């Protein structure tokens, strides 16, 4: 058996999946260094290799509050979109300094990965994380 | 074939799995910078998207001692829970400066990821890690 | 069911897959420290365990421009090849300071992982990332 | 379809797999800070949850030389083993400052993850990486 992703077999459809989830989200409120390059953040990295735009909806889960969403992110066809989580303000700003989880749902197949940059204490720390794929 | 997770198909059940394992656990005893933000640590990031609370049991494997557990972690429905491993004290404090592995078992489907922060030598280093999913 | 990769069952064929994708690519233009060790970069790490050379083709997706490719990378049999993305110049240099995604396609099975080094602000930050496997 | 690992269904067998591969190995020769904590390194993190010891064999692939191995690592039952790659000397020391790939083969199911610590330029940088699972 091959471990792999099946795309939808028509010309317009891209590679990837429609549902992804991360449990390890976090956005520090403090940063050091010049903005926006060194602003502490989570960035959701989306790739749409298909021939139609993808509409991605994000739901944010907290430790002590009801889930908030959907946040809408448009990813053009044949384009990548690196969306900073702390730039999302509708329906409300994603909370800083609070643990969160992210559910990512797309109307077209996309690839999703998460980038973390932390500049709180004067140096740069970075990390990347894959989501759990969902059916 | 789609690579994905099957959740249990009833309204109360969330996304994810019931068994996860990490082999790369470690908690340094030393830290620099103010606490608790910059305390060196492993943090187990759990997300329960279901409609019922999940009870997660953790077993810790060491290099030179018998496995210890279960450590119990409750994750409320529709909530994330970021649990620092070094805050676990029952049945005993998880050992510092010692390599360990983690077996994560839940009575409800959850998503699990591991976060590592190391501030031992005056700067911040971070990393994220996915577990191996088990049946 | 075992989660695993099926290689092609003949003597010449190596382990891995033929199509991989990353959505979180980025190459900073600035670096500190001596070159080339501390040059900020993405490095695509390819392993060919087979008995024949593998020809890998890379396509780069941007946020605001058409995809560019193919970039060709040869990986000898029984060899690893760590290819810095910022060293790729044909058909054009991969753009710096711009988010990108990477589609990796090989004529033979290979293993692909991505390494990120960021030395922009005077210290070293590193991260590793697995791709999404495609059929 | 559930994405998961099937263990061998007898009492003595642990969780995980018998073949894993990493393409992104690297061990810097330089370090700063006190040893052995801050020695730059790759550490292979193995967990054997079974009731019998596991014998793990490692093969190292280079960019410009024949593969070297097997390196043997014993993992006791119900134990984790964090093996620094730069401590492996038989059949020969793993080369420093050279890209490498790792094939991990075990006679019993184990879990394998890779840790990277880089202290070359005075600060600490860390990362974790999962392998590609093989059949």
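As written, the chain order gives the labels A, B, C and D, with residue 1 at the start of each chain.
By our rule, a residue touches a chain if its C-beta (ideal position, glycine included) is under 8 Å from a C-beta of that chain, and two chains touch if they have at least 3 such contacts.
Remember, predicted model here, so these are calculated numbers, not experimental data.
Greatest Cα centroid separation from subunit B: this falls to C. In this structure subunit A contacts its sequence twin subunit C using mostly different residue numbers, the overlap staying below half. One inter-chain figure worth recording: subunit A and subunit D are separated by 30 Å, centre to centre, where each centre is the mean of the chain's CA atoms. Separating the centre of subunit A from that of subunit B, both taken as means of CA atoms, is a distance of 21 Å. Multi-chain contact residues of subunit D, defined as those touching 2 or more other chains: 1-6, 114, 123, 125-128, 130, 133. Chain contact summary for the complex, subunit B toward subunit A: residues 1-7, 15-16, 33, 37-38, 43, 45-47, 49, 78-82, 110-115, 119, 123-128, 130, 133.
By the touch criterion given at the top, residues 1-6, 17, 19, 21-26, 61-64, 66-67, 99-101, 103, 114, 116, 118, 120-123, 125-130, 132-135 of subunit B touch subunit D in their complex.
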